[in-house]
Amino acid sequence: MFKKILIANRGEIALRVMRTCREMGIEVVAVFSEADRTAPHVLFADEAYHIGPAPSTESYLNYAKILEVARESGAEAIHPGYGFLSENTDFASDVSKAGIVFIGPPASAIKIMGDKTMARQTMLKTQVPVVPGTEEPIADISKAQKVAEEIGFPVLIKAAGGGGGKGMRIVNSSDEFEDAVGKAERESQSAFGDGRVYVEKYLEEPHHIEFQILADTHGNTIHLNERECSIQRRYQKVIEESPSPFIDDSLRSKMGQAAVETAESCKYVGAGTVEFLVDKHRNFYFLEMNTRLQVEHPVTEMVTGIDLVAEQIRIAFGQPLSVKQSDINTTGHAIECRIYAEDASNDFAPSTGEIVMLQIPDGAGTRFDGAIRQGIEITPYYDPMLGKLICWAKDRDSALNRSERALREFYIGGIETTIQFCRSVVKHPIFREGTYDTHFYTNFRDELHADLADSTDEVLLVAGGSLFHHQNQIKHSSNSSDSTKKTRSNWVSAQLGRNA
Amino acid sequence: MFKKILIANRGEIALRVMRTCREMGIEVVAVFSEADRTAPHVLFADEAYHIGPAPSTESYLNYAKILEVARESGAEAIHPGYGFLSENTDFASDVSKAGIVFIGPPASAIKIMGDKTMARQTMLKTQVPVVPGTEEPIADISKAQKVAEEIGFPVLIKAAGGGGGKGMRIVNSSDEFEDAVGKAERESQSAFGDGRVYVEKYLEEPHHIEFQILADTHGNTIHLNERECSIQRRYQKVIEESPSPFIDDSLRSKMGQAAVETAESCKYVGAGTVEFLVDKHRNFYFLEMNTRLQVEHPVTEMVTGIDLVAEQIRIAFGQPLSVKQSDINTTGHAIECRIYAEDASNDFAPSTGEIVMLQIPDGAGTRFDGAIRQGIEITPYYDPMLGKLICWAKDRDSALNRSERALREFYIGGIETTIQFCRSVVKHPIFREGTYDTHFYTNFRDELHADLADSTDEVLLVAGGSLFHHQNQIKHSSNSSDSTKKTRSNWVSAQLGRNA
Amino acid sequence: MKFEINANKHSIEANITIDSNELVIKTSENDLRFEAIQVQPGVYSVLMNNRSFVVGVCPSEANRLNVNGTPINLELLDAVHLHLRELGWDALKEVKAGLISAQIPGLVTKIFHAPGDEVKEGDPLFLIEAMKMENEIKSPVAGTVKKIGVAEGQTVEKGTNIIEIV
Amino acid sequence: MKFEINANKHSIEANITIDSNELVIKTSENDLRFEAIQVQPGVYSVLMNNRSFVVGVCPSEANRLNVNGTPINLELLDAVHLHLRELGWDALKEVKAGLISAQIPGLVTKIFHAPGDEVKEGDPLFLIEAMKMENEIKSPVAGTVKKIGVAEGQTVEKGTNIIEIV
């Protein structure tokens, strides 16, 4: 087995990968930007290398520097996590050329599937159905607009070079089209260094359902069932679960087969995810294949008992899969809530600052994959995801109850987070029923955000708390009259912030 | 189902019970002493009542006050956790008399099994073998000494009124006997309000193995297999695991049967634990029955998937068990490490102070049942256990690797803890082999404590760190010369503390 | 001390007194008494009739609070504010029309207007990129752009004034 | 600055210099260079040749440290200490023979001696109860009890002097 692996990432996924490495007896090498000198992944690692300033283009995306660190540290393999360099073909092939193992698929598979246009063209040659749309990135805006009009609005504009909702825009009418393309292109450029976008048909009451696959270098490809990812906002997943309450065994088996066929079509090796859209008539369409570990992979781990990172590492080392398709069976139900440093009540605006108090939920069936600590500063430089709360229990109802309990127990003081928003979703009758689709957030947006402290008692309590805090600050201030003024004027400007 | 339950406890077990209550939709009422005003169980609860000053005799053991709170809050049931009032016959019957449900066995069963002498007498009427010893608490010291001499030294002196290693002493020779009885009596009095102790034969290379049982009010009694609890120090469990690497299926089945017979002999209802000593020839002896939830119950939960607190509550409400004996099967392997606020290198002396930094391990198969938070003060008033780290994996080797990883990742700054000691145990070849018995700690004591930072590099690193800290403090001090003096003199007195 | 408390749909007049850790809140309908203690800076454990709450104050916005993790926007107006309002001067409205500040820290990637431009309520004012997302800030008022505080490409802290509209 | 570093089996002479966050330690065999930064008061992240360590200092005992959670007892003697020792005065030994203090906070339940008693090394001196356990403190030296600092039944802080033996 490898003796040392470099993890070319930060945050929760760096820590997640390091945990499995250490359990396998493999030493871990961290890389960090100036903003991350005391980040949890640096403290966790056996070795840590400074690779540049805070902006990711100069650090976590600086792959020449990362390769240099791999050589210097003697790492035999690089795990890219998700995001950053995980789907960068050049990086994958340069790593291999340097005689270091890239823990991920071959560059050729990343190339095909990482570029959604090439992926579509490949899939059109298989039996797997695909969503109608442009087959090339948009070059000529008026031509693209014509295609969009043929497909019929609404259409989706999506990044050709990356996923995760970045560089994605929904367009409801022809006159919004050009503006939306511009925004999507700018966001894509910033997130992936690739500004190309394309157009796709928007389906009726669709479900976003994805299948986890594993393929080794010995010709074995299996799937590990589905994850239901229809709870999204800003085209980004918020809550995922497995199994999906929407699909049955027969559909599961058909889609699993299609996922395996997809992976085989590009000679895939490693862990990957085949995403499908399923409409209300249970027709499914290939959407894209993510050629990396997904954020939401833990829900699959919780119901199958398989460590996906350990499988990735074994595959990369040349070992065969530790399980066959017939070994895969799922136990119980798992739900993941993504916890972002965002103010849900203010259109999910990013929130930065110090975590002044932290109480992470724990107990039976409660897993938090995060990379935070009380006293740590959340900076504006990176993805706002603080971590993921995954709750497992013997059935869906128990998993929902456990998620509610854990979210209620979760306390992050000092910054705004999506904890409360996730609670609103988990408690929502339609979510509890399991009859939601990807329009859930749009349909119930107002209800979900209305879930605020609302009784007279609570309002009076909070008013008292506010005044107590105010006096507390005066007490602890050397100049009490100044502090009074400062707080009062804060109230006013804060009010502006809210209403603006 | 109950609508509201009072938890008559503090620390990790209060939180543990509250988590299940909340998942069952039951409101939770906390009680707290002056020292615990901002303790995690108070912040977690729906309601919280102050019940007295810090010493537990005036708060957590003040059962008149707790009953009053139960009435005032409208709690329909009381969960006592472990320790404190959990095995107090008077409390159990007073609760019932007040029309409140005691979540635990009937007072009659506590009386029989809680008093180890009565328990022995009861067990002597069954087919379950018992350990040779006195059958009555020690009244006449010279008579007791004679019995001890007949049994043959070493003998054990144990509290009649409680468990958990408190009030327990091992006596190697006749001339230590009287002194040891005195100490055991004083400790028992302080811990359980009952100073009675008795004498028992000490077995050869014994294993401490216990069986979890569940019994409902409908006449069903089942066992949930064993926990191996042979890793002890100061007669107190440190690490427990399930399954036991020592026993096989045939012995498991015989002992399980004996555990069920034990429970039935005292008409047991609820969750309980039957403890056995198993000698090197695989003879097993009934040791005692704990008529409450055990500290180490999570290892059973992790391998069986059954929530023992939920079962306790359902049984107390009058519902039948949710599982039959034939439903019980175990998956994988679980190991629990108890994390105490103790300085292992200084004979496990209690350590108090503020937790200045806290990083709790997490990730797949990693559960921490605790009640700590960064910034919290560990006081000298209560049991020094901070929490329990429970690691589950598909087999024993993987569970060991996971435990090692999690312990390495666990950081509690500001106080001394047993984290490092647990790491030494988990890494020890005899523990990894699974060939240990209850003498493990005594046999390998020196090796276990020798596991210190030891390379020249590490020593220089720490020396540099120490000096850096020193300068850092000077920098942050308003009077730098004073601060220098203070730190230097600290070094000297601290050195004394270490060597004394 | 007398206060007007505005939160969500509520507007309540109350008299609040604090004596050490004890708070008493009197309204026309209620007479609440509770005890508060700081857990961490800006985080308080509050017991109200033995009900346990955790109240958090946002460090950068004193009127953004949360109770047991549930957020609440609170306006607490004391006698001075109330008196000013009686005199016809609404401090909040006054300020509201003025400065548009960055609600999040980040990189200002685009400013859509120059001084002298007329804007309508809802018009996009500028784009700010933070945590890899582009956020469009719309005008809360109609008016004329008086001043632009920053240049495109500049990184700003939360609260930095970006545009003044009169 | 020159130091003698004593830890476990090691006794090393080293020259340590600190420049901002950079530390340089020179010994006869080594020339180490590393970078330290405070994570929380008393907790430092240290990178030594890119190896990552967390070094913690015990708040109450500055020579009790831990590295990645592994404890280490360290004696760091500077020029002043070294010079005193050369003159024949060993500060540590001097103090060691003197005061026996409470190593843990708790309740002193029993004191076995009165002033004037002779004690042998290893004789029990007193019992202290903390966290529900009774701890017996034995004498580290032989000598005569000079003074008893507390009474039975008294609660003491860590570090309180209990018995002086001469």
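We just call them A, B, C and D in the order they show up, numbering each chain from 1.
Rule of thumb we're sticking to: a residue touches a chain if its C-beta (ideal position, glycine included) is under 8 Å from a C-beta of that chain, and two chains touch if they have at least 3 such contacts.
Source: prediction; values computed, not measured.
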What are the mutual neighbours of chain A and chain C in this structure?
B
Between B-C and B-D, which chain pair is linked by the larger number of C-beta contacts?
B-D
Distance between the centres, which are taken as Cα means, of chain D and chain A, whole angstrom
48
Please compute the C-alpha centroid of chain A, do the same for chain B, then give the distance between them in whole Å.
39
I'd like the Å distance between the centres of chain B and chain D, where a centre is the mean of that chain's Cα atoms.
30
When you check chain A against every other chain, which residues touch at least two of them?
43-44, 357, 374-375, 408, 411
Shared-interface residues of chain C (touching two or more other chains) are 39-40, 54
Residue numbers on chain C that touch chain A, as the complex places them
3, 5, 7-10, 12, 14, 16, 18, 23, 25, 27, 29-30, 32, 34, 36, 38-44, 46, 48, 53-76, 78, 91-92, 95-96, 99-101, 103-106, 109, 129-135, 137, 140, 158-159
Residue numbers of chain D touching chain A in their complex, please.
37, 39-40, 45, 47, 50-52, 54
Complex contact set, residues of chain B against chain A
15-16, 19, 22-25, 40, 43-44, 298, 301-302, 305, 307, 331-332, 357-360, 362-364, 366-370, 373-375, 394, 398, 401-402, 404-405, 408-409, 411
Please output the residues of chain A touching chain C within their complex, sorted ascending.
166, 183, 186-187, 190-191, 234, 341, 345-347, 349-354, 356-357, 374, 380-384, 407-408, 410-411, 413-414, 416, 419-420, 423, 451-454, 456-472, 487-488, 490-500
Complex interface listing, chain A residues touching chain D:
30, 37-38, 42-49, 72-73, 375
